[in-house]
Amino acid sequence: MSMNEEKKEYRPLIVAFCCNWCSYAGADLAGSSRLSYPADVKIIRVPCSGRVNPMFILRAFERGADGVIICGCHPGDCHYSTGNYYARRRMALLFSMLEYIGVENGRTRVEWCSAAEGAKFSKTMNEFCEKIQSLGENVRLGDLRCKN
Amino acid sequence: MANVEKQVQLIKDISGSDPYKCMRCGKCSASCPSYNEMDIKPHQFASYIIRGDIDELVESKAAWKCLSCFACIERCPRDVQPGKLVDAARQIVERQREGDYLQPDEIPALLDPETPQQLLVSAFRRYRR
Amino acid sequence: MQKIGVFVCHCGTNIAATVDVKKVVELVRYEPGVVFADDYMYMCSEAGQEKIIEAIKEYGLTGLVICSCSPRMHEKTFRACAEKAGLNPYMVEVANIREQCSWIHKDREEATKKAVILARAAIAKVNLNTPLKEGESPVTKRALVIGGGIAGIQTALDIADAGYQVDIVEKEPSIGGRMSQFDKTFPTLDCASCILTPKMVEVNQHPNITLYTYSEVEKVSGYVGNFDVDIRKKARSVDFDKCTGCGECSTKCPLGKIGKIPSEFDRGLKNRPAIYMPFAQAVPAVPVIDRENCTYFKTGKCGVCAKICPSKAVDYEQKDEIVTVKYGAIVVATGFDIINLDKFGEYAYNESPDVITSIELERLMNAAGPTGGHLERMSDHKQPKDIVFIQCVGSRCDSEEKGKPYCSKVCCMYTAKHAMLIKDHWPDTNITVFYIDVRTPGKNFDEFYRRAVEQYHVNYIKGQVGKVKPQPDGSLMVQAADLLDGKQINMKADMVVLAAAVEPNPGVRKIATMLTASIDNNNFLTEAHAKLRPVESPTAGIFLSGMAQGPKDIPETVSQAGAAAVKVIGLLAKDKLKTNPCTAQCDTLLCNGCSTCANVCPYGAITYDDVQVMDHGLRETRRVAQVNLALCQGCGACTSACPSGAMDLQGFSNRQITTEVDAICR
Amino acid sequence: MQELIDRLKELIADGTIVRAIGWKKGDMPYNPEPAYFTEAEDFDDFVYDGFCGANLSKMMIEAGKLEGKTAVCLKPCDTYSFNQLIREHRVNRENTYIIGVGCRGKLDIEKARKAGIKGIKSISGVEIEGDGDVVFDTIYGEKKMAYKDLMLDRCHVCKGKEHVIYDELIGQSQDTDDADRFEEVRKIEAMTPDERFAYFKTELSKCIRCNACRNVCPACSCRKCVFDNTKFDSQQKANVDSFEEKMFHIIRAFHVAGRCTDCGECSRVCPEGIPLHLFNRKFIKDIDDFYGEFQAGKDPEAQSPLTDFTFEDLEPKDAVGRGDK
């Protein structure tokens, strides 16, 4: 890994997919409670964590995201009953696959966050940003076919 | 000023509790067996730390009258744990004497009359597990 | 190509203080598709909306991006505004630059940069938006109220009075709930049953209300306007139609004399027979057999009640029955209970029968209660002279292990009530209340509390009690500190009353899950908006009433019950509901007919049909997915499961989300 | 083989089937190709031997639409693929006559090449019924190899000699399973992240995007691939550095997760020799570990793991870092 002499302050790019019913509302609550987290996090509203197609996640990485987090309702609390269960399986398999091909653990995360958990949302985002900051720029996931 | 801030931080670090959580319910003072001996009452500890009156707290009789019975720690509904706060104050005094960290087997040799009994009692209770 | 107008809201200083609004306007002006960009102080205001309408007309806008507060707040407002100007409401996207930007970031430059990115994502999305049309679904003109306490009773009465059918499901044998256990109510000291019983009777006689007591909600499916609910009517073992409510069975039940079954209604201070009505005014006045305790059900012997029943109403063979009913709206009014006090060993609740909770005190003071309204110690049946009240037991605690984080809200007032009532009956009783804060916001509330102090000389001491210790002589030693006097107190008492924290009825979590209504960490149901939609759940068609939503007293519960009823009536008054047009859509040319989507659809909205398709000149019959738009709720589970990408979600299409990702990662 | 040909001819003659799908001789003795057989003389070129590795189940998607019944020759492992296609309503069972053909393991000509066998003129000992060595007649003389040594890797982890669906069986099958199916995956899992990345980088950089893996895969049965439709903006043919190019294999593997029967065709047909099955097998291993053992295609009624769930399912955060000490 090459290191520049003067280290520019690295700011990660983080995409968060939040379900409309729990996590997006939780993010709103974090906002109205003024519980800050880094501006590196950009939220995309989706109806349900089950709507998050693995394609979206890979797309974000390919376009230069350093971390992707998916937030949904707690298991059992999905607004659509079951969407988060499927998301949980999908993401478990996808994350395990990413680890398998040698991508650093921690660039992807799933967190269950209810509409009442503004504090948890903020805490999660702070932790996630810190983790991505420590991992640095995403190189490996930029091109899984690995042709440079 | 900066020194006070440092001390406040130190107390928070040592005790691991947050004085701002205190709601002044007084359950600690109600539970304290040494209440009558104390010049600063347990429910006041948090305010002293919030205000930054650390010196006063450290020099108080209260700090050394605490029996470390941990009743206040057990019962505090807000997890402020006044007993830990005052213990932290005692630790500050002792650390200023540069008697910082100890191994258990070093203790017997170090037991000099200068070491306050209360500090040892508290330390043993705190680390008994 | 769309012609997009971007409107950036200052929200007073809420946004403008941290986001350079003008700069956002300048930077998004040249985004693809944008033909107009402007800012305004309050976009949601009349004048702000007027500005949007003018711009739509002047520039022939085909899409709008509003950079403002959360879409959960004003998306509807701006959609309606677009519609007014003749634009399809679904051509509006909101970039959340308040809750998710200005309010959480401090650095102006950083926040502005993020606001621009969020705006770009919304612009990119609008570029791909298509006009959507809402569908229609019918409304079943019947409401379900879960819980038959004062909240449920009032809600049901209000809905029924408006002319709609209402069913109440109550898990206990009688309606009435917690309020029926109370003696008097604050701040006017009305007798609780005097004001509640008439309402209970009214419910029972109302032509529009059906009661399901001793029943539970078993399963819920469907959606707003069209819920299907399975109700389990537990076997009462007594024939409803034959029973006259004479009460002979309860009197003769041998277990009533042995006295081994603690009465739930009297909080265990009294015993009850195995066949019983919870209390004299129970509605319906039909007893139930507690099969777990009944000798007949345990051993097959006894059968006394069946023998002596004059109308032959006892039926041991009765079985649980499940009925399925259709509803348009559901109100959750499951109420509360008090917390378990096991973790407060210092207050000796489990050690001494003379340490009681406030609800137990209500029963002890009630003329129909276990002592006939005579206040006495449970240990020696003597009248207590010195009584200590301890406030905030388990309320306002920091962590879950310690108790509940919230204020239970009703304790300060009912403690003042108890103190005054006791003083009224037995003026030479000494009463001490240990409090942390006395909280009395409410009409005539502080006056009420002051009366306790000034007129009744109740001794209020600031300082939480540290320990209650039973003494060998049968008294209780209360250890506390008077924080204002700076004195520690050791006080002897004959009775200690604990103001235990309230908590939502433990069964509510199961119900919330069935309803997919969201619930907070303390098991209180979440409202759609804390201020503006306090009686609605975020789940459409589910409404909240009473303590299930948060701690509140009777006047507040009754007002909320009325408010919930109005919302229900507003819903039932409609013949048709507009349905969410953001539904799944299947591209028949791409669909494989593999059934994967149908396997994950929670609503059974996907079916398969053989249809004729023309694919590049090839005409063939294919098995393809069809979405029932009335059933589809737009979760998108099918879209992620679909291998070919044939299934897509309108309003959140694959391309729209992908383009948002691209815009953010640009 | 003759029994198979005779039976197919008979079936056509008595009108049970209109056509058969099998293999016909290729230009070399080791590259037979899938083909339709309708007329009696077509069968002159019919071949079924150790080199007939191709899984013909996918061909039934199109063949099932034709007028009249089609017979298809399926090896035991191919029947899993066929079952999976039934589950996904991609084939017409009514229009299919399945001949379960015997199998003693399929052969990989690359193994011979690696052993230094060149200039092949003809090959013997590759018949299904035989049990001896394979004998190569080359321009450099006669070369011999044990049948087992010439077998495709996938046959060493064979799912079993039983056909899971058929109308009739012709020929005997043998168990060839003598290796651990997940050993390769475990070996990679045991590497450091850097080693793993280097490994996949080396392998995947060989990809020329010929789409052979996609086209042969019986699970990849979409009418139109996501990479060929406009729904995700993932088709940007002009841009060599596009999303599709970069994420192709991982998305492909994900799309067939829970549906892949591990038939191994992707790796067999890859002209660059990329071990593509390692992606699929990783998903299979994870599914087995996380949600209990599952073999796609074994039971067409069974719910696929990705369209199923339990309340206590593993959390994604616990799906990673399992190998870390």
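As written, the chains take the letters A, B, C and D, and residue 1 is the first residue of each chain.
Throughout what follows, contacts are C-beta pairs under 8 Å (C-beta built on N, C-alpha and C of every residue); 3 or more make two chains touch, one makes a residue touch a chain.
As the structure is a prediction and not an experimental result, all values here were calculated from the model.
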item: Label of the chain whose CA centroid is most distant from the centroid of chain C; value: D
item: Averaged-CA centre spacing for the pair chain B and chain A, given as whole angstrom; value: 42
item: Mean-CA-position distance for chain C and chain A (Å); value: 31
item: Rounded Å distance between chain A and chain D, as computed from the means of their C-alpha atoms; value: 36
item: Approximate Å spacing (C-alpha centroids) for the pair chain B, chain D; value: 71
item: In chain C, residues with contacts to at least two other chains; value: 600, 641, 654, 658, 662
item: Where chain A touches two or more other chains, by residue; value: 53-55, 59, 63, 76, 82, 86, 90
item: Of all residues in chain D, the ones touching two or more other chains; value: 226, 232, 234, 306-308
item: Pairs of chains satisfying the touch condition; value: A-C, A-D, B-C, C-D
item: Residues of chain C that touch chain B when the two form their complex; value: 346, 392, 396-399, 402-403, 436, 462-467, 479-481, 483, 486, 488-489
item: Footprint of chain C on chain A - complex, ascending; value: 13, 15, 20-22, 24-25, 27-32, 34-37, 39, 42-48, 50-56, 59-60, 63-65, 73, 76-83, 86-87, 90, 114-117, 122
item: Touching residues (chain side chain D, partner chain A) in the complex; value: 185, 188-189, 191, 193-201, 204-205, 207, 226, 232, 234, 243, 245-251, 253-254, 257, 279, 282-283, 286-287, 290-291, 305-311, 313-321
item: Residues on chain B engaged by chain C in the complex (per definition of touch); value: 21, 23-32, 35-36, 41, 43, 71, 75-80
item: Of chain C, residues touching chain D in the complex; value: 587, 589-596, 599-600, 608, 615, 620, 623, 641, 643-645, 648, 653-655, 658-659, 662
